[in-house]
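First, the structure itself, so that you have it in front of you.
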Amino acid sequence: MTVRVGIIGVGVMGSDHARTLVANVPGAELRALCDADLASARAMADETGAKTAGSDPLAIINDPAIDAVLIASPDNTHRDLTLACLAVQKPVLCEKPLAPTAQECLDIVAAETRAGRRIVQIGYMRRFDPAYVEVKEALRSGQLGRALMLHCFHRNVSAPPWFDAGMAITNSAVHEFDIARWILESEFTSVRVFRPGASASGGAGSPVFLVLETSSGQLVNVETFNNAAYGYDVRGELVCEKGTVSLRSPVNSETSHKLIQSLPYPSDWRARFATAYRVQMQAWIKSVLTGSPAGASAWDGYASAAVAEAGLASLAEGRSIAIVLNRRPALYG
Amino acid sequence: MTVRVGIIGVGVMGSDHARTLVANVPGAELRALCDADLASARAMADETGAKTAGSDPLAIINDPAIDAVLIASPDNTHRDLTLACLAVQKPVLCEKPLAPTAQECLDIVAAETRAGRRIVQIGYMRRFDPAYVEVKEALRSGQLGRALMLHCFHRNVSAPPWFDAGMAITNSAVHEFDIARWILESEFTSVRVFRPGASASGGAGSPVFLVLETSSGQLVNVETFNNAAYGYDVRGELVCEKGTVSLRSPVNSETSHKLIQSLPYPSDWRARFATAYRVQMQAWIKSVLTGSPAGASAWDGYASAAVAEAGLASLAEGRSIAIVLNRRPALYG
Amino acid sequence: MTVRVGIIGVGVMGSDHARTLVANVPGAELRALCDADLASARAMADETGAKTAGSDPLAIINDPAIDAVLIASPDNTHRDLTLACLAVQKPVLCEKPLAPTAQECLDIVAAETRAGRRIVQIGYMRRFDPAYVEVKEALRSGQLGRALMLHCFHRNVSAPPWFDAGMAITNSAVHEFDIARWILESEFTSVRVFRPGASASGGAGSPVFLVLETSSGQLVNVETFNNAAYGYDVRGELVCEKGTVSLRSPVNSETSHKLIQSLPYPSDWRARFATAYRVQMQAWIKSVLTGSPAGASAWDGYASAAVAEAGLASLAEGRSIAIVLNRRPALYG
Amino acid sequence: MTVRVGIIGVGVMGSDHARTLVANVPGAELRALCDADLASARAMADETGAKTAGSDPLAIINDPAIDAVLIASPDNTHRDLTLACLAVQKPVLCEKPLAPTAQECLDIVAAETRAGRRIVQIGYMRRFDPAYVEVKEALRSGQLGRALMLHCFHRNVSAPPWFDAGMAITNSAVHEFDIARWILESEFTSVRVFRPGASASGGAGSPVFLVLETSSGQLVNVETFNNAAYGYDVRGELVCEKGTVSLRSPVNSETSHKLIQSLPYPSDWRARFATAYRVQMQAWIKSVLTGSPAGASAWDGYASAAVAEAGLASLAEGRSIAIVLNRRPALYG
């Protein structure tokens, strides 16, 4: 059986998903796509051989010839579109964040709980990145003892003018919230946000530094710096009682020239996480075929959104904010 | 259109190809496979959903329901099976080496030349490895000036007892012969083989060290050490007039424990070259669909075999051996 | 002229200083040493050829045949011994911290101010470490833009049972306070201390995580983990507007064995900072000869102690503590 | 007792030795120096406080107020000056090579043998480099098994116009000959020289590639590239039966900027081997004081010169040349 996929939104992220699906995922077919920008939809349809559904996401969701939906439209559309997929019980891979607010995520959790089975996967692709997988395996092996701290650094080359400190939390740091929860298998209990350089540069893309604590007494700190200029760079170190394990970024070659040994940085996340996106897509298609869920759930999407909301409060109030999650429905284990 | 593939030989290499095809290559279908060992054929057929053609490679090659053939059977079967594919004009990806001797390769070159179009691709997968691709690009960019030397190191954890110094050349070093020709875009003119530790360990898998010269005056040295014990490790450095460029091996994470910062080596080539094998397979399927050849040609297979033969002569005689290639047919550019 | 040096305290640190002086510093002579433990004093005197002054530090300080004094006795003796050196206007290199409390440091600052010239140097040897020097130079070069964040990690293999979270601040983190002030050329304005794993391990040597802010709006975070087990490891990354610069630890060789590429960690600070200690000692002797001060001043010692005290308050109270320094006397520029 | 040192020749190397001695070696005094260039002698005398002996090396050697002599004058003066030191039984540290020809070295060996004690040390400073020391220790530890191959790379930024392929062997590669003999504790038995790029660039400073074999069946290859342009870079890897150990070059910091992570190369050997030169000088002064020899002997100087001569023959004749050393006098163990 071939899974017929529809993609909603073919901006940078949706286009990348479309190409990944077409190039690397046997057992799937990119049947249709849509975008608010019709020219983008047309261009990507031409490139991939898919049909275009114009600008209408419901035409994708409700198309009986489409088995599964990938949502890569703007964050503020995620809730309604995901609920529409749930209404027709159609498997959905929704880009992160699941929704901008925790309450919207809870709406989805409630709908999925009513549906009685896992239908929604969130595009927290780092769970499929070999580096993070190895970090989690190192912790699970027990040889390093218990986890004490996780240091996370998330840097982009440049942020658009409208990217403010709040988005650094709700859009960038959520990756770290999710992966930390996945690695540590603990929930966050508090967050304190700091703004280095706030007085000086003030504007969009200046760094944000978060210190979080978990129910197991672990400390997680997250630097997000969306105007880091020098390159796209995601680092992480898990510090345990007996040792540490760190991510290494993929680098294929090094050059020596003009008194410098140099290693390249990618300019954005696509090169850094190409494997993660590919493996995530293959895992999602497999989960559609088998009915066995993979990756981050709607509940995980809610948990990260709740942490992000507490982060926004800390950013506004300049103090530690406690994080209290709802009770987890049995559907989410 | 879907390319229906048959695989001949499902040992370590053929099984890996089968899994890569099934997991990562849209537009292809693994239709059938065979192996001299019927149990292996049955097991891999069960795993992949392919049919088994028992132990008969011709049942694969001549099956009209199979569009393309992958040959991963023992080296000494390559010539006849590739000729059989050429006889029915069926696209073939033949594992390296194309054949154990230069003459056998020339037989294939002759048959393909008669066919008048490129049908044969050789599984020199390093041409699709991102690290080697970047080395070639760095040279082509011109910023490092002309290439002067290429230092190659090729180490395996352990060799089987029957793996002698000759096989280190004909089976291992051929990878370096091919990739050096591809990067340098020059042909080899001489080879001198040295045998470190020969008197002491003498046996299978002891290192072999080759010094080769190209028609452009470049020096290429190749160490193959098939009993290197410590890990599977392929290194390469291209030294140019103004700088150098080196391969880096993929490493996802590093661990600090017991006064050691440690980075893992893979135990064999599959992890090191997983990307290369995947991209090679996707490129081959695409070439079958488009008719536009990709990767190493039968001529490239002949050239590496000719270098290997000169290497065997040098190994036997302890002196430099000149390498003279036949005239290249127009089919090969 | 030869500078005749007396050393007070020949525990681990004082012995290391004695050996460094004798082996590497022309123009100086280790004349005498003392220690509360007479056997230690005797052993080090025998090793270095110095005289022993028994357990009496004043016999060193007041000896007219001694030109300069190095204090490496316990922290709680630093104030009185440094004041005794100031009383006789004898140049002194005092191990860090200058004193356990800010008030004690101010006593020394006051005495030196009365003396009217710089006599006291603090053993914040990192200012002489080539890696930190390069970080400071990179910032000063301007190519990376303004400094925004400094991430510091300070890990020891194991802490003695009496080493509590307060000492992690007053004894370990003070190194980071000093080097951050020196690199950033800013004063700290607030500190917030977090205790990862507090509930679980609770005891001595569990990690402490500090987030500090400077008068220039920079954020400095410091992890001190005195029971890190895996090795002695000091890391630092300065994040600027256009790029970052990071310390690299000295490693002379790497080994590949048993599927691991391994780089050694030192078991304590002596190997990591051997160059810094040597250069510091040479700079101190030169400053004694020339009368031109080098390294960290008594004021620097006070500033770090004041930050440490605020850190202790934050540790006790679980909130951010503001840091307000006294007015800097003109003597300290 | 203070060792009063005289330095003959204060070009780049001699000046560096003078500064190292003055800055880092207690127990020694730089008493006098001379140079064929009187202005250089005067300038370095002013800088170091030494007397100048004008351009007359014998005024240094025969000065009763000088206890030990460091020879850093041109290679072709080494034999006569070393013999003059031997004539007055004055300890001498002679820069490498001991002399341009094996026969000249044998003259010195003969004179020292007649003297009946070790008086001559050769400035093969790599024996004091921490990286090479660790490589030797790794081999001696036995954990890697027997040594099979040593891969050496020796690259300079640029060579003077008169620096030809012969000098690449007699002046550069001799470092590798010496350090390989020291690590492997074997003598060389043959050498084969290759000239990559010879036809193309032809001139001074183009690379030379040597393949040597030892009496223990080990293979040593040496690339010397004196116009490598990109930086001063010395690499080495010892390949053993069970694993390998490699040099790492000292790097204090790394910078991330403009999509590049960069590590600096030094522009010449002084930064790379600063520690080795310092430790060598301290060891030499100690050996003068104790009478116990350190470092490379006159015999070692002869052995490397003999290998270099065979290398010159191979360069001229394009074939392997056997290396046969004289019988080693008992003085050299």
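The first chain written gets the first letter, and so on, giving A, B, C and D; residue counts start at 1 in each chain.
In this text, contacts are C-beta pairs under 8 Å (C-beta built on N, C-alpha and C of every residue); 3 or more make two chains touch, one makes a residue touch a chain.
Since we're looking at a predicted model, the values are computed, not measured.
Asks: Is the C-beta contact count larger for B-C or for B-D?
Replies: Of B-C and B-D, more C-beta pairs in contact link B-D.
Asks: Give the label of the chain whose average Cα location is farthest from that of chain A.
Replies: D
Asks: With chain centres taken as the means of their Cα atoms, state the distance from chain C to chain D in Å.
Replies: 38
Asks: With centres defined as the mean C-alpha position, give me the chain B-chain C separation in Å.
Replies: Chain centres of chain B and chain C, defined by C-alpha means, are spaced 57 Å apart.
Asks: What's the distance between the Cα centroids of chain B and chain D, rounded to whole Å?
Replies: 43
Asks: Pull out every residue in chain D that's touching 2 or more other chains.
Replies: 230, 242-244, 256-258, 263
Asks: Where on chain A is chain B touching in the complex?
Replies: Residue list for chain A touching chain B: 22-28, 130-131, 133-135, 138, 143-144, 242-248, 250-258, 263, 282.
Asks: Within the complex, which stretch of chain C touches chain A?
Replies: Residue positions touching the partner: 145-146, 148-149, 151, 153, 192, 194-201, 206-207, 209, 211, 213, 216-219, 221, 223, 225, 227-230, 239, 241-244, 319.
Asks: Once bound in the complex, which stretches of chain A touch chain D?
Replies: These residues of chain A touch chain D: 157, 230-231, 233, 256-267.
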